[in-house]
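Per-chain numbering from 1; labels A, B and C assigned in written order.
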Amino acid sequence: MNAREAIRDLVAEYGHLIDEDRLEDWLGLFAEDCTYVVIARENVEQKLPLPLLSCDNKRMLRDRVASYRDVNEYNLHSDRHVIGGVRFRDESEGAWRIDASYSLFQTDVEGATRLFLVGCYEMGGVFEAGQPRLKAVRVIVDTASIPTLLATPI
Amino acid sequence: MNAREAIRDLVAEYGHLIDEDRLEDWLGLFAEDCTYVVIARENVEQKLPLPLLSCDNKRMLRDRVASYRDVNEYNLHSDRHVIGGVRFRDESEGAWRIDASYSLFQTDVEGATRLFLVGCYEMGGVFEAGQPRLKAVRVIVDTASIPTLLATPI
Amino acid sequence: MNAREAIRDLVAEYGHLIDEDRLEDWLGLFAEDCTYVVIARENVEQKLPLPLLSCDNKRMLRDRVASYRDVNEYNLHSDRHVIGGVRFRDESEGAWRIDASYSLFQTDVEGATRLFLVGCYEMGGVFEAGQPRLKAVRVIVDTASIPTLLATPI
């Protein structure tokens, strides 16, 4: 399998693992040395660095998933990511970089499905033992007014 | 063309044929010996087998399409599937298995477009004469409370 | 990179460039001799040729982008395209033709994101110097009652 296919697989897996609430497996997509940032599009366009959420390394990301497992007893919902075609930006040997637009839908316990967020993933990564791993994920969300607490990863 | 490309083509074709109301051609994507099940995510997660719709073979699926052609005179709408990237789960020689998240929008005769359903396709298939064919399709819908009668396939 | 990959890249690029408000770069995806038509699905199905918007060549398309740059001071919003898997219809040497369903979301200055339109791209193109270029784009929109002025391209 070539590099592009492996990266497409990673992007698809990223969305499915969150949707399946397999957040520990989702963590496994990241390299040990990684960043994960959620930022409003407005701030990106105005070059304001303030993110909605920022994890500077995998330990922080792991803590976040663990605390979500411990405390989350409200805002019960299921997620559904529909991710558009991958735009390849850098495909050099050691590193890669892609963009992919996403739509994220949530369904609550009453069974009401609604559009939650749209935006764009900017993902940078490396290959470790032939497998792509995420090094720098920036999740751009098109709105700064996120309707509910940012509980699960995007 | 390799197997992955052919499977991606099949998934894209699946959505387009329903949207184009070419349900007889959509039937042609299935192997003769096939199953088609629509089931709520809630039931999948709680291991409750009760589906919203279940066809145990292609004849049942064909009947369903035929009866739709005969009786459907209400709930006129057009469908639009937007299907996310394909997640390959099994790519062995004889058989294959994929997942793909979908969003399904409907537009009524007044021209109002709304989100209808989101969920995930779990598709298993074989290759017949070099072409992928669907053997087992399970359509997971994230809500159990489907807003209108389940008229067209998902 | 093979032809299919290059065409997939073009489709992804098409959506991202509009979303990033890089409309001049979006123009660069078209061949000099090109058409760009936006038409309601209803009209396509009833074989009514009347489009919502029609540009018969690249100069017209360029004028449209220029006038958008000059006059657009209202209906400020950001676009987000989520485009489904590409359906390849013709892959002959000199020319190619694909379909791809899209969902288009808009976010206003208050930060409210809503579904704007869904529909299907019918794109035909050629290869120029090894790169795919758009010759004939027909954007089918599932509704004829577009909620706001058709300001940005779809």
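We take it that a contact is a pair of C-beta atoms (placed from the backbone, for glycine too) under 8 Å apart; a residue touches a chain by one contact, two chains touch by 3 or more.
All figures in this text were calculated on a predicted structure; none of them were measured in a lab.
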Copies chain A and chain C touch via same or different residues, half shared test: different
Fitting chain A to chain B on CA atoms, where both chains share a sequence, rotation angle to nearest 5 degrees: 120
Approximate Å spacing (C-alpha centroids) for the pair chain A, chain C: 27
Sites on chain B at which at least two other chains make contact: 82-86, 103, 115
Contact set on chain A toward chain B in their complex: 5, 8-9, 11-13, 15-16, 19, 78, 80-86, 100, 103, 105, 107, 110-115
Residues of chain A that touch chain C when the two form their complex: 4, 41-42, 82-88, 99, 101-103, 115, 117-120, 142-145
